[in-house]
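My structure is below; once you've seen it, I'll send some questions.
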Amino acid sequence: MDFVQNFPCFSVILCLFAGILSSGLKDKAAMRVNTCLLGIVTLLSGATLLYTLQTGQSFVYVMGKFPAPWGNEIRAGVLEALTALFFCVIMLLSLLGGRHKLLEEVESGKTYLYYVLTDLLLSSLLALVYTNDMFTAYVFVEINTISACGLIMIRQNGRTIEAAVRYMIMSLLGSGLLLLGLCMLYDLTGHLLMSNMKESVARLAATGQYEIPLIVAIVLISVGICIKSALFPFHAWLPDAYGYSTVSSAAILSSLVSKGYIFLLIKIIYRVIGFDIYGDTRIIDVLFAFGLMGMIFGSLSAIKENDVRRMIAYSSVAQIGYIYMGFGMGTEAGMTASVFHILSHAATKSLLFIAAIGLTDVSGGSRKFIELTGAGYRNKWAGAAFTVGSLSMVGMPLFSGFISKLLFAQAAVQNHVKMLPALIVLGVSTILNAIYFMKTVIRIYTPVGYSAYPSITFVKMRVYAVTLVAFILLNVILGISSQPVVDMIRQGLAMFS
Amino acid sequence: MTIFQSILLGFLVVCAISVSFSRNLLNSILIYMSYSLIMSILWVCLESPDLAITEAAVGAGVTSILFFATLKKIQAIRIESEKAETTAAKNNDAAAQGRQESEAKDRKAEPAHE
Amino acid sequence: MSRRKPNEEYDKTMAGRFFGWLSGSKDPYLGQVEMQAQEEKVLPSETIIERMREAQMRRDKVYDPEANTLARLFHKIYTASAVFFCIALVGVLLVTVSYLPPSGNPDNPVNNVVSERYIEDGLQETGALNIVSGMILTYRAFDTFGETNVLFIATCCVMILLMVDDAILKKQEAMSDRRFEPKNDAILQGTALVLTPIIFIFGIYIILNGHLSPGGGFSGGAIMGAGLILYTSAFGFHKTQRFFDEHIYKIAKITALCMYGLIGTYFYVTGANGIENHIPLGIPGHILSSGIILPINFCVGLEVACTMYAFYALFRRGGL
Amino acid sequence: MGPNLFINYGEAVAMLLFGIGFGNLLLQSNLIKKIIGLNIMDTAVYLFLAEKGYIAGRVAPIVSDGVQDMEAYINPIPSGLVLTGIVVSVSVSALMLALTIRLYRRYHTLDLDEISRQLKKEGL
C-alpha cells in the first residue's frame, strides 16, 4: 500500500489533535496552530487528489485491522479529494479575511475557543467527505452541528444567541430524522458500511422485499439532510444565523457547513442507495419542486431585505435551491452541475461575505443600504471583490457562476419532462439575482461628494486585501478553466458507483 | 416478561404525554427523570445492561442535574411563599412592569436561597 | 516603494493613476462626469422623532398578537399544520413498523455475518469478554473517538456561553459572600461524606471492568462525574477547588484526549498498513488484558468525568 | 397495514414516543420543554434500536462460561450504537440548556415566540 493512502486518515486525525491541543493554548498560539493545520491539510488533500488522479481509481482505507463489514473505513476518490482540498482552501481564506473582525467581536480570552471550534469543524467536514460508514457520518454530523452552533454564538449579542437556538432546534429535528432513517436502513440491511449497504439495498429493491420501509427510510434520511442544509421551507433560521454572526463564521457556515451535509447526501445517493433506486422513489421530484421554490422565494426575500448581510444570506437559500434542483433532474449531468455549483457557490458566497464586511466597516458599521452609498470608493478592494462576487452570482461569463448556470441549463435540456420549468425558473431566478446584486453594486458605486466616513488604504489591511485577491483569482480560475474541474467531477461521480 | 414490558412501555407513553402537558417546569423534569429510569429498566429487560447503566447514570442522573441547575439559574425554582406572587405576575405577563418587579424581587431573594 | 521616476511624472503613468485611484486620492467621477452628488436632505428633529414613534407603533401593532388578527391566524395555521404533520409522521412510522421484520426473530437481516464475527471471534480478536465494549473500542474505534470529541466540543461551546472571567467571578464572590456555597446542611454533608467515596470506587470499578462486565468508560465516567457533583453541592466549590481546579481540569482533559488519540492513531495506522501492533491481548478475564480497550476506557472515563463536572460547574458558577 | 404491527409493539411505542418528542420540539414554545422533547425523541430512537437488536431467549453479549456461539447472545451492534448516541444526546442537551440560560439572562423569558416578538419590536 502506498504511503499516500494514509493521508485522508492523517488529515482527519490531525484536525482533531490540533483542536484538542489548542484548547490548552493562548489565543495567538491557537491561531498559529490553526493556520499551520489548514496549510498542512491543504497539502495532504492536494497530494491525495494527485494520487487518485494518477491511479485513476479510488481506494479504501481500513481504520484498524478489521476489513470491510466489521471495521470502520475511509474511502477517497477524485471527488472526495477535490472537495476536501476546496473546503480547506476556502476555510483558510475565510478565516484570514475575517481575522480583524474576530478580534473585535469575540470576547478576549475566548478567541482560542473559536480556533478549537474551527479545527473540529474542519475535521468533521473532512470526515463527512471521506467516510464510508453511515454511523461515523452521523457522529461527525453531530460534531458539525455543535461546532457550527458555537461559531454562530461566539459573537455574543441577543440576536446571535436566538439565532443559535433556532439553528440548533432545526438541526436537531434534522438529526433525529436522519438517525431514525439510518436505524431503519440498518434494520433492513444489517450493515453500516456504505458499500455493503448498497449491495443489500440493491438486493431488496430487486426482490421487492420490505418495499415500504425502504422508501420511508430513504425519505427520512433525505428530509433530515434537507432540513440541516436549509432547503427552502426549512430556512427560517438561516438569515439570522448568517446575518449576525461574526464574518468568518458566516462565510464558513454558508459555504462549507451546509455543503458538507449536501455532499453527504450525494454520497448516500450514490454509495448507499444507488442512483437508479433513488430516482425511482420519486423523492427527487419533491426535491426538484422545493429547489425551484427555493430559487424563487429566496431571491424574493433577498430583494425585500434592507440589510446587506441578510440579503446575502437569503441569496444562499436561493443557491441551495439550485443545488437541489440539480439533484432533482435525476441525471448524471444534473448531478455534475450540482457538484460544480457546490464548489462555485462556496467560493463566491464566502467572497461576498468577506467583501461585505469591508464595505460595512467603512460605512460606520451600519449594514443598511442607505449608509453603504459610495462605500466602493472608500474601500476599493472590497468594492471590486463585491462586484466580482455579484457578477459571478448573476452568472456573467468569465466567473464561476456562469459555468454552473451553463451546466444547469445543459442538464435541464437533457431531461424532457423537467426542461421547461427548470429553464423558466433558472431565467427568472437569474433576473431576480441581477436585481438585488446589481442594486447593491450600483449603490456602492454611487458617488457621494462628502462622506462622514474616511476611506481605507491598502497598508491598513494587507491580509484582508490579499485574501480578497485570492478569492477573486479562485473565482476567475473556476470560471475560465472550468473544464478540468468538471472532468474531475465527472470522473469522481463515476468512481462513486 | 411480555406483560411487564408492556406495562413499562405504557408508562413511557404516559410519562412522555404528561411531560408535554404539565404546567410546572419542575414537575416536567421530574417526570422526565422517571421516564429515563423506566427506559433503563426496559433496557435491562431487552438484555442490554451496558445501555441501562449508561442511561441511568447519564440520562436520569447528570442530565437531570443539569436541568435542575438551569432551573435554578433561570429562577424557575422558587421558595413557596414567593410562588403565589410570581404566578400572579406571570398571568398578566404582557404588563412588562409587573415582570420587572418580580425579577427585581427574585434578584433580591436570590442570595438568600442560593 | 522604489520607483525611478519623480513623483509628478509617476502620477501621469497608468500605474500611477491606478494606484492613486486605489488609495482614494481622487474621485474619478467628480468634475469629469456629469454626475452630481445628491444633496443631503436635512430633516427637522421633530419629524424624525415623530417618524420613529410611528414606526414603533406600527411595529407594536404588527407584532402584537392581540392586535393583529393576521398574525394570530398565521399562528393558528402553523400550529394546526404542525400537529397534522406530527400525527401524519406517527402514522407513517407506524405503518412502516408494521412492515419491518418481526422483533426478536433470529432470522432478521440484522443477525448476519457482522454480528456473527463480533460474537464468535470477538474474544480472540479483542480479548474482551464484554462484546459491546470490544466492538465499540476496537472494531468501530473511529466512531467512538468522534463521540468523545462530541463531548469535548460541547464543553467548549458551554464554556463560550457561560464562562465568566476569573477576575469578575472573584469580585462577585467577594460581594455576595457565600453565594455558591451551601448552607452547611448537616444531612446533606453527612450523606455526601459517606456516599462520595463509595460512588467514586464504584465508578472506578466500572471503568476498570469495562471489558469484563457491563459498563465501560462512558458509564463509569458519568458515575464519577456524578460523585464529584455530589461532593461539590454538599461542600461547595472552594473545597472542590483544592483538588480539582481549572488548571487540573485542562491538564486532565488534554491528557486523556491526546492519549486516546495517540493509541487510536497507532491502532488505525498499524492496522491499515498491515504492520503488526505490539499491544498484548493478555489472558481473557483478567483486569490487565484485552489490549487497547483498558487504557482507552480509562481515558474515556477521565474525559467523561471531567466533562460532566465541568458542565455542572459552568452552569452553577460560571467557572471551574 | 403490514402484518407485524402487534409483534413489533415495542417499535410501535418507540415511534409513538418519537412523534411525541418531535411534536414537543416543534410545538412547545417553552425552551426547557423543547429540550425535554428533544431528549424524548432521541431516547425513542435508541429504544427502537435496542428492540431491533433483541432476540427472544438469548442473553446479553457478555461471554460467560466460554460459550462463544452466535445462538447464545443477542446482537451487540445496536447496543454499541446506542451507547454512542446517548453520549451525543447528553452533550447536545447540555449545550441547549446553556443557550437557554444565556437567552433568559438577556430577555427574561423562556418563550421563544415572545423573544422573537421582542426582537422584532426592537426593530432589529
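Just so it is clear, A, B, C and D label the chains in written order, and each chain counts residues from 1 on its own.
Here, a contact is a pair of C-beta atoms (placed from the backbone, for glycine too) under 8 Å apart; a residue touches a chain by one contact, two chains touch by 3 or more.
All figures in this text were calculated on a predicted structure; none of them were measured in a lab.
Put simply, the chain closest to the centre of the protein, by Cα centroids, is C. In this structure, the chain pairs B-C and C-D differ in their number of contacting C-beta pairs, and the larger number is found at C-D. Separating the centre of chain A from that of chain B, both taken as means of CA atoms, is a distance of 38 Å. Between chain B and chain C the centroid-to-centroid distance comes to 22 Å (mean Cα coordinates, whole Å).
Centres computed as Cα averages put chain C at a distance of 17 Å from chain D.
Taking each chain's centre as the average of its CA atoms, chain A and chain C sit 21 Å apart. For chain A, the set of residues that touch two or more other chains comprises 135, 139, 142, 146, 149, 153, 156, 161, 180, 186-187, 212.
For chain D, the set of residues touching two or more other chains reads 2, 9-10, 16, 18, 21-23, 26, 51-54, 58, 60, 62, 77-79, 83-84, 86-88, 91-92, 94-95, 97, 99-102. Within chain B, contacts with two or more other chains are made by residues 48-50, 54, 58, 62, 66, 69-70, 73. Pairs of chains in mutual contact: A-C, A-D, B-C, B-D, C-D. Residues 21-24, 27, 29-30, 35-38, 92-93, 95-96, 99-101, 108-114, 117-118, 125, 138-143, 145-147, 149-150, 152-154, 156-157, 159-161, 163, 165, 250-251, 253-254, 257-258, 261, 264-265, 267-274, 277 of chain C are the ones touching chain A in the complex.
On the chain D side of its complex with chain C, the touching residues are 1-5, 7-12, 15-16, 18-19, 22-23, 26-27, 51-56, 58, 60-64, 68-73, 75-80, 83-84, 86-88, 91-92, 94-95, 97-99, 101-102, 113, 117, 120-121, 123.
Partner chain D is touched in their complex by these residues of chain C: 55-56, 59-60, 62-65, 75, 79, 82-83, 85-87, 89-90, 93-106, 108, 110-111, 114-116, 118-120, 122-123, 129-132, 135-136, 140, 143-144, 147, 150-151, 153-155, 157-158, 161-162, 213-214, 216, 218, 284, 304, 307, 311, 314-315. Chain B contributes residues 5-6, 9, 12-13, 16-17, 19-20, 25, 28-29, 32, 35-36, 39, 42-43, 46-51, 54-55, 58-59, 62-63, 66-67, 69-71, 73-74, 76, 99, 103 to its touches with chain D in the complex.
Contact residues of chain D toward chain A in the complex are 2, 18, 21-22, 25-26, 31, 34, 38, 41-42, 45, 48-49, 52, 77, 81, 84-85, 88, 91-92, 95-96, 99-100, 102-103, 106-107, 112, 115-116, 119, 124.
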